[in-house]
Structures are given as structure tokens and as C-alpha cells.
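Two complexes are shown next, each including subunit A; its partner changes from subunit B in the first to subunit C in the second.
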Partner chain A sequence: MTEARHLSIRVPLLARVEGEGALDVAIRDGAIAELKLRIYEPPRLFEQLLQGRSFAEVPDIVARICGICPVAYQMTAVQALENAFGVQVSGWAQDMRRAMYCGEWIQSHALHIHLLAAPDFLGVDSVIALSSKQPEAVRRGLHLQALGNELIELFGGRSVHPVGVCVGGFHRAPHPRDVAALVEKLHAALPQALELAHWTAGFPIPDDGQDFTCVALRQPDRYAMDAGRIGASDGLEIDASEYQAHFSEHQVSHSTALHSQYRSGAYLCGPLARLNLNGECLPQPVREVLEHTGIGLPCRNMFQSIVARSIEIYFALLEAIRILESYVPSDTPAVAVTPRAGTGAAATEAPRGLLWHRYETDDRGRILHARIVPPTSQNQARIEQDLKASLEAFGLQRPENELRRRGEAVIRNYDPCISCATHFLRLTLDRR
Partner chain B sequence: MTAIRPAKLRVAVHKFSSCDGCQLAFLNLGESLLEAAELVEFAHFAEAGPVDPDAAVDIAFVEGSISTPEDCERIERVRANARFLVTIGACATAGGIQALRNLHDAKQWVAGVYASPQYVSTLEHVVPVAAKVKVDLELWGCPVTGRQVLAALRALLSGVAPLEDEDKVCLECKRRQNVCVMVTRGVACMGPVTRTGCGAICPSFGRDCYACFGPAENINAPSLTRRLQGLGLAREAVAARFHFINSAAPAFLSAGQAALEAKRD
Partner chain C sequence: MKARTRILGVGSPFGDDRLGWIAVDLIRDSAWYRSRAAGSLSAQAFDRPGPALLAAMDGAAHAVLIDAMQSGAAPGTVRKVELDRLEISADRFASGHSLGLADTLILGKALGLLPPRITLMTVERGCEQSQDGLTAAVHAALLPLLKCVRACVNDEESVLDRPLFSGRPLP
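Presenting the complex of A and B:
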């Protein structure tokens, strides 16, 4: 028997997400009549404030889009500008950028797993409550988060808005003594990362398979992170410069972030999309862990994304060790850069998914035009699609409280970064 | 007789227009975060879990700048509900990088965008918290450090006024025995006018300080302006050095405007 039911679920401020958003669901006669992930953070107009600024200032500016993934913004921006200027950075700088990026994956994923998502699976409402139930697990998570931050600090001086990356490479090469000390810590953390993967795989994970298109960077010889071509699960493979020919953005009334579309539909980017597209590129030890966790690829259950994150932490630790174990400092951490008038695009894999930048410069290297598409605006349409399917599968007849909690958990599966997503939106002026 | 346990201090962390990076000063504390949770009660801290935006608290930490009519109303409520209000970071303390739009014709920025109707409301100017309500303590920095927020929290727990370092980055460089990038390599460094607290990390990376911690006390901006011009920076470039992360800080706002009007000599 289906009960006719009118119910309005409103979560005015979503907890445990980065930035501020809200969820509105209207249920009429046992069906979802309206569902909105409302993103109402005011736009900060980064694309406009980049105009006229020197290329050298761009890494310091775009870092401020997101305190949680500033490395992703810096890495994407410097590569887009290097493409615009025809600059080829050294193999040393490419390796070190990948190592630094590993630090951001480790810290951001560890933060998301422990502080934001795990409480959903373990029936508590915050990491503070979780720490009295499972103190060892929380301590392990905070340690991994701190280690990721240390890896960023090695190359950038601080983990939020680091200062070491420049167009052409790095301002400074880390001292071998500091690198060696950190490599030792990374080694020591490997067993903890393994325990973490098994811990998350043991969560009571809801069975919620859905059909979706995955989009992620791809590289033939490695698990793509800092570079690569943009691939999709339907076989698409394009250069970052072709992004706009295949992906579009449109505005919706309830969000200050644009919704992205691929072939007129929603798509997924982020850790689960990366595993689905690039799982075969993972090194053997990581593939073994993957098998052990029981995620079959391709995986269609977004609740498994927490396990995907823990697997990527293990991968990022191994990858940073691989790169840094034979570390030799460079006498020229940055190549000389001669700015020119041009256009350059680049994409990288931010912890929460594909991040795309494009810049147009004048002959003195000043920014004429900037376009930035963050991962959360790409995932936004998919989140709404998922919410509708998940809540219907969960059972709309359930108590309001349960539906609200499930809705919030679904949103957290995407690790949305709302501060990122709203950096450039259209605005109406209210003159006071 | 049972000992009287003093009630925990109630703390709120509020977010306005920002990148979330200053809240990370709490979330990156590691085990100190759990220790802090023993000492205080987080009544509202949405990113960490507790949501109760209108809770009455002893200390409200505020991240982010005020940029919408709703923000104006919300910051009034935050103020009314808090005994002590602390701004954390450049956005809350000096408008942040988004305050750069105050220096431009905002209408022009709007005209450059789509004709489709917009559902976002925004104020003409992005302003720091102190432009709207009384602020008891300002923590500068983009981002603030864990050390700063913990020191402020500890001082308030002990009932003393927290101290903020207002020295210049130059002094920190000297203490660290960094080689001066401006003197030795002619790099256009903002260290002489910038408040320390970061640990002088940019000069220690061999690059320019870009003033992310805001103006130090009693700065000599005209002198630095002349020096930067001497290094070959055009007036607009000198102004852009002051008008960056902390452009709404009065000392930097006026220094940048003066640089634009300065004559070359």
C-alpha cells in the first residue's frame, strides 16, 4: 500500500561539508515533486579579479578559491599558463609537483573520511563524538591528515595557501635532509593507511547501485593526478584544450554554482570515477588492497566513495615514497619563463574531481581572460540525480529525520566543496 | 563535597564569504582539536558537525567577509549572541581578496556576464566584519595559523587579553637569518610593511612576501613605494602590491592609492 503523503524536508545549513549549502526536498503523494541542492554562498568573482593581474600572481590568487585544495588550483593554473607561454618545465619539477599533489590527496581525503563522512556510517554526528567511540581510528586519521599537510609544507611552506609553486617550476628545492625525514614518516604510515582501507571497507555500506557516466583524467602509464587527457566511461578522450567543445555549463535558479553537463547529461568526477576509469593503472600493492576491500570495478555505488578515498590515500603514500626515495635537489627548480600573448588550458585531478582552467594572456603575461571549472559544479547535477534515486530507493514513507540524514549522507559522498563551486557566479547588485 | 567544575566555554565558528581555509586552522589541529573539544564546547561549527547558528556563546570565531544583505543581518545576530567576537583571517579582518572588486566599477564586472536573470544578491562593496559590528579581537593572516587560534583560545580561557604580533616580516627574517631577497636580488618584497606571524615563509623560499598577513604597525608605505619604483615597478604594479589579499585594510588601501598618484622622481 502506498500512502499518499505530503512532506517537506528542509536542511537549511548542511553540516560536515566544505562551504555552505542547503537541501530542499518536497514529497507529494508519495513521490519527489521537487529536489534542490541549494548553493547560496555569494560569488567571489575570481575570474574577474584575475583580469589585469600578472601571471606570476596567479598561483597566489587561485589558491584562495579553496582552502582545502589550494594545491589543485595552483597546479592547474601554472600548467595552463606554461601551455600559454610554450614553457616546458623540467622532469624534476614535474615529479615534485606530483609528490606535492599526493600530499593534498592525503590530507583532503583523510579530513573528509574522518571529520565529514565517517560519522554517517557509524551513527554519530561528529568526529568529536566518534573519537570517544573509536579513539584509535580517529587518531590514525588525524595523523594521516597531518602527514599529508607536512608533505605540502615540504614544497610550499604551509599547507593552506602554500607559497612554493611558480610558473616554470618551484621557487625552491627542498633540502634532502627534510625529504629523507619525511620519506621515513611516509613509510611508517603505510600500515596505518592499510588499516584505514580495511576500516572503511568494513562500514555498513548501503547497497545503492546507479547508472552514471564517469569522467577523469587518464594517463597510459600511471594513475592520473597532476596531468593527463580528459577521459569518460563512454570512450571520450580529449586534450584539456578541447574541454569546452564537449562540456557545457548552465545556470539554475537555486544555485550560485553553474551546473556542468556532458552530452546533455549529468556525470561523475572524483575518486570513484577515477578508480572506475584508471583502476588498472594502480600499482600492484594498491590493486591487491582494492581486491581485498571487495569493491568490484566498475563500481556503481557512490557510498563506496569513502573506500575509494582510503584506497587513494594508500596509493598517494606509495607514490610520494616512489618519487621522493631517490630525491636529488635541483639547482634550477624553475626554468626561465618568457611571457607572450597566448591561450593555455590545463586540467588536473583535485581530491574531489576534475579541475579545469583556461587563461588568455597579453604579451607581458597579464591575464586578459580566465575560466575555471571546479569539480563541485561538475558533480552538482549528478548529486541531485543521485539524491532523487537514493531517497526513492531508501523509501519515501520513512520518517522525516531518516530521510534527511540519508540525503545529507548522499551529498557527502561527493565531498562537495561549495566554497570552490561558487567563486565566479553572476550576480545582481543590491545597492544600499 | 564534590568539586565545582566550571562550565565549559561555549564556542561558535561562523563562516561568511571565504575559502574555508581559516576554519582549517581548527580542523588541521590534529589531536589538539580533540583536546580543544575537552576544554570548550563547540556549539556551532557546521563544517565539523554541530549546527546551531543562533546559539548564545562565549566566543564566536568568524571567518569570511560580509558581502550580501543576508550577511549583514546574520553578523548582527552573531554579535548579539556572543560575548567575545574574534575575526579569523584576511576576509573577516580586511575583506580578503574578494574585496578587490571594491576598487573596480562593480557594474562593469556585472555587465561582462550573461544576460540571464541572476538570483544571487550581493552588496556593492565587500567589507570586513568590523565595518558592521564591534569586533573584540582581530586575527590577521591568509590563512591564520593553528598557533594563532590556539593562543587566542588559551588566552581567553585564562581570562587574559590575547596578544597579536604586529612586528614586520623583516624582523622575522632577521631572526631566522634569511638572506634579504630585496637587498641581494632586487625582488619586490612586501616584508617591510607586512605583519609577521607566518614565519617569513616566502623570503625563506627565496621569493617576495606578498603581504598576506596585512599591514604591520606604523608602516612607512611611501618609502617602500619609492623603493619598489626604484626596482622598476610601474605605478600600477606598485599599487597592485598593496591592493591584493588585504586591499580593504586602511593602511594598504591608502598606500595603494597614493602609489597610483605618486610622481616618479
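Presenting the complex of A and C:
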């Protein structure tokens, strides 16, 4: 007869995640009685900080929300404000914004795969230990990350908290010589991205299929990134301005990040949700790589997220090349903006998933009210749901250190950015 | 053309952590820096270490890293720390947001990405942190620090593996 097991697991500080959080799990009689993903970073109050500021200051302020995905915050903010002011940016600016966004996907995904997630699959504790076992793979990852940063710098002047984006377009157009030099580097990196996709597809991926709702931007003619309508795997398709009618945020006592819900339930956003909803929109060369990795869509195994990220790196390289190969600078990188009293919302696909902004402005374009819903807030309830199912499937009778490692790996599948979401992991396991 | 010798100041806008930035500004403004042959020396400020710092050292023959430090020494103490004296455990690695200078150097060493010569120049930060600027002890250490950097770059033998300037506690 198996002895009833009561255990309390506490992971007081989650490592290899962006920001600070903790996980508390209470196991009673062999079942999870309570599970809390605690996000205890203090609220950063960016939405309040924006109030009273000029619309022109918003792109530079929201870039400070995250050092990893500042482009996502900028792109979402400027589009929400352009919607509020009735501004239509040029096709040139739309294309260049998408190219810049590709840079952020490449650098963020490369950082997450190599520095944070890959050690989970390869039996090492850190990228430093991984560097001893597979130095070529880590060098490749760092090279791709640096290349993504270069793409951001091309348009933003610098990769961390870039400054090139403005409401209406860009402050300046890059020189064709600089664009051509970068396109050459992007071409040269394609074989590395292919190797990366095959490398991650060869990882020992746990078999952990689950049922969940996917939410991502959708566009009929392309893999949505910088624009689109919000779609869900149950058929929802709405404009960003309708977000609040379908998605809600609520506070939980154990987290300084709000929990988002869709139709009163948890949902997934991020690379795997994007692949599930938009896989058919990928260019043929990327679909061939996807097929070679063996991921069948829709994919219900969150551990395949690391492969999804590598697929998206390959896509982002190809997409940036497509846009920039025929680059011609614009004499008017930004259209004139006349502020007005209004309300505007927009959503884009940050590397971690859907990012939604909404602003209300006065007649001089000053921010009266701001709402920012980052992807980690949206994934929090799904992470808790996944943790419960994954740990039970893994076996709650396992030693505490194994449960802790599995719990951390599950969380890292989502690449949570706690610093962005506060408004992340220490594991506390209470087993009695 | 990328410079063979690169001075890299790491810091943030806050208090004594700004040291690396201020040192780089002073170096770039100096006649000594301007007198160097074009392309032989560069000085650059970084808002965080991490993979970008490894990329910044790529292809260099000598990297001089300047950063504020907290070791328990007297505030303002200037030191040259050898890479092999830095200790780090793998489980300290936390996130892409918090990859520290030591972590970055250990990672770079494991990957064989470090220049043949790295000199880490540090100044012990003050006890009281100011949001506005350097504390008096760290400010007083700037001139000795810059002399040490210059001597180091000039391959003068005055750069020793010991405290180079003993800072004094604030009165």
C-alpha cells in the first residue's frame, strides 16, 4: 500500500526567469491541494507614471518597462496612440517597424533558448555549464542574439531602450549602406538558425499534452507580429479595441501581477499559441523546417515552446531579409501627427506573447489614462494550470528536488518576464 | 575598424554605479585619448554587462573594464582584479536581466570569447547611495582610477595586482 504523502515544496527564488518570483506547492494525500505562482516584485506603476505626459514621451517611457522587449512596448504604444489620433502611418514605416520587431524576436528568443531554457533539457544547471558541454551551440546562440540586437540598433540607435520610434513612424531612416551590410549578416545567419531549429528539435522533450485555449494576433496574409486582429483557438476574432469586452484582469493576493482571463478561463499566448493559430501563414521554407522538427499543429505540449522559438527565429531572419533587401530610405520617415482628445488601443506580439495597450488622451495629446496588459500577466493563470497538471503527471511521489526542477522547467516554457508583469520563482512545497 | 584596445565602462544612472560611465566620459574628453592613433583605442559606456559586453570585446587584444564594486574595502578603493580571481557558482546565474559582470566574464571564458588580456579596474562604492551622483569617496578616486587606466593601456608596470589607491571612509 502506498503511504499517503504530504509535502510542501518552496522555491523561494526562481532562477533563469526574467524578474523575481516564487512557487508554493502544497501536496495533501498525494494530490496538489494548493499551488501559487507568487510574483512579488513591487508594482512598477508605469500606467500611473504615464498620466499627464505628452504622447511624444510615451515611446521612450514604455521602452523602460523591459530591457529585453522594449520594441514590443514601443510598437504597441505608438499604434494605440496613432489610433487615438486617427493617424495613418506610411507603408514604409509599417514595413520598417516589422523589420525592427524581427530583431527583438531574434534577440529575445535566442537569449531565452540558450541562457535560460536549454539547460533544462540537457541536464545542466546553467548556460555556463552548457558552455563547457556544447560551446559551439552557445556561441551560435550569442551570435544570433547579437544579430537581433544589431537589427534593433539599426532603427532604434541602441538595442536596449531604443529611441528611434515615434508616433507617426520613425525619427530617421537608416542609411542604405548600413541596411545592406546588415542584410548580408542576416543571410549569413540563416544556416545557424536552421541548425538551431534542428538542435532544439533533438532535445529530449517530455510528453506532456494538455488542453488549452490559444490567443494570438492574426493576419490573413502573413504571420502576425506587429499588427493584426486578436484571435483565439475557439474562433474569436476581434479588434484590439474590443479586448476589454472579452478579456478581464483580476487581482490575486499572492501576486503583484494581475491575472488575465478569457471567457472566465486561463489561456495561452506566446510562440506556441502563435504557431498553433498562424502556422499556415509561415513562409514555405519555415513550414518545411517546422515539418522537419516533427511538431504537429496544433501542438498541445508546452515543452515544445523552445522549438517554437527556434522556428520563429528562422522566420524572423527570413522576414527581415524580405523587407530589407529592397530597402529604400524614406524622406519622410514619420507622418505629421496632430494630437486630439480620444481613445486608442493596439496589440502586437511581443516575443512572449500578446501585448495590449490602451490610451485616453486630452486635446493636446496628454495621457489621461493608460492600460498595459503584458503577456506574462495573460499567461499567469495558464502557468498555474499547467504546473498542476504537469507535476501530477510527472508524479507527486518523486523527490522534492525533482519536483522543483520540473516545476521550474514548466514555468520557463512560458519565458515569463516578471519585471514586465509586476503588476516571478521561489518554490515552496508544503507536503504533509 | 575595431580598436585593439577597448575601454568599457559598465554602470547605471544611479549613484556610485555611474562610475563606469563617468570614467569613460572623462577618458574620451582627455588629450591622452585624443592623441592615440586612430583606431588603436576606443572607450564605450555600457548600461549592463551580458552578451553585448562579450560582443564589444570580440576581436580586441586588450579590454579594460571599469565598474563599481562592493567588496567591503574602504569606499573609493581602486583595484585591478584578475579574471581568474573572480569566483562564481553556476546557480548564481539568474536571468537575462541580471547577468552580472562576473557571470559574463565566466561565460565568455567558458566559450573562449575573451580577449587575450582583460584588466578589470574597480572602485569600491560608498556606503551611502546617492541617486544623483558619485559619493565623495568615489569621486575622489576618479583621478587615481584614470591614471591607472592610462598606465594599464600604456603597458606601464605601475599597474599591480593590489589596491592601487586606498580610499578613505567619509568623515
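By definition in this document, the second predicted complex is superposed on the first by the 420 of 432 C-alpha atoms of A that agree within 3 Å, B and C clash if a C-alpha of one lies under 4 Å from a C-alpha of the other, contacts with A are read in each partner's own complex, and residues count from 1 in each chain.
In this section, a contact is a pair of C-beta atoms (placed from the backbone, for glycine too) under 8 Å apart; a residue touches a chain by one contact, two chains touch by 3 or more.
Because the structure is predicted, anything quoted here is derived from the model rather than measured.
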Superposed partners subunit B and subunit C on subunit A - clash or fit: clash
Touching partner for A:Arg406 - first (subunit B), second (subunit C), both, neither: neither
Partner chain(s) touched by A:Leu45 [first = subunit B, second = subunit C, both, neither]: first
Touching partner for A:Arg97 - first (subunit B), second (subunit C), both, neither: neither
Contacts of A:Val127 with subunit B and subunit C, given as first, second, both or neither: both
Partner chain in contact with A:Arg172 - subunit B first, subunit C second, else both or neither: first
Between subunit B and subunit C, more extensive residue contact with subunit A: B
Partner chain(s) touched by A:Arg274 [first = subunit B, second = subunit C, both, neither]: neither
Partner chain(s) touched by A:His112 [first = subunit B, second = subunit C, both, neither]: second
Common ground on subunit A, meaning residues reached by subunit C in one complex and by subunit B in the other: 13, 15-19, 67-68, 111, 115-116, 125-129, 131, 138-139, 142, 145-146, 149, 159-161, 419
Complex interface listing, subunit A residues touching subunit B: 13-20, 40-45, 48-49, 53-54, 57, 60-61, 64-68, 70, 107, 111, 115-116, 119, 125-129, 131, 138-139, 142-143, 145-146, 149, 157-161, 163-164, 166, 171-172, 251, 253-254, 256, 417, 419, 425-432
Partner subunit C, residues of subunit A touching it in the complex: 13, 15-19, 67-68, 111-112, 115-116, 125-129, 131-132, 135, 138-139, 142, 145-146, 149, 159-161, 419
Parts of subunit B lying in touch with subunit A, wherever the complex brings them together: 15, 17-25, 27-28, 30-31, 33-34, 37, 42, 46-51, 53, 67-69, 71, 96-98, 100-101, 104, 106-107, 109-110, 112-114, 116, 118-124, 142-143, 145, 198-199, 201-202, 204-207, 210, 212, 237, 240, 244-245
Residue ranges of subunit C touching subunit A (in the complex, touch as defined): 47-48, 51-52, 54-55, 88, 90-91, 93-97, 99, 103, 106-107, 110-113
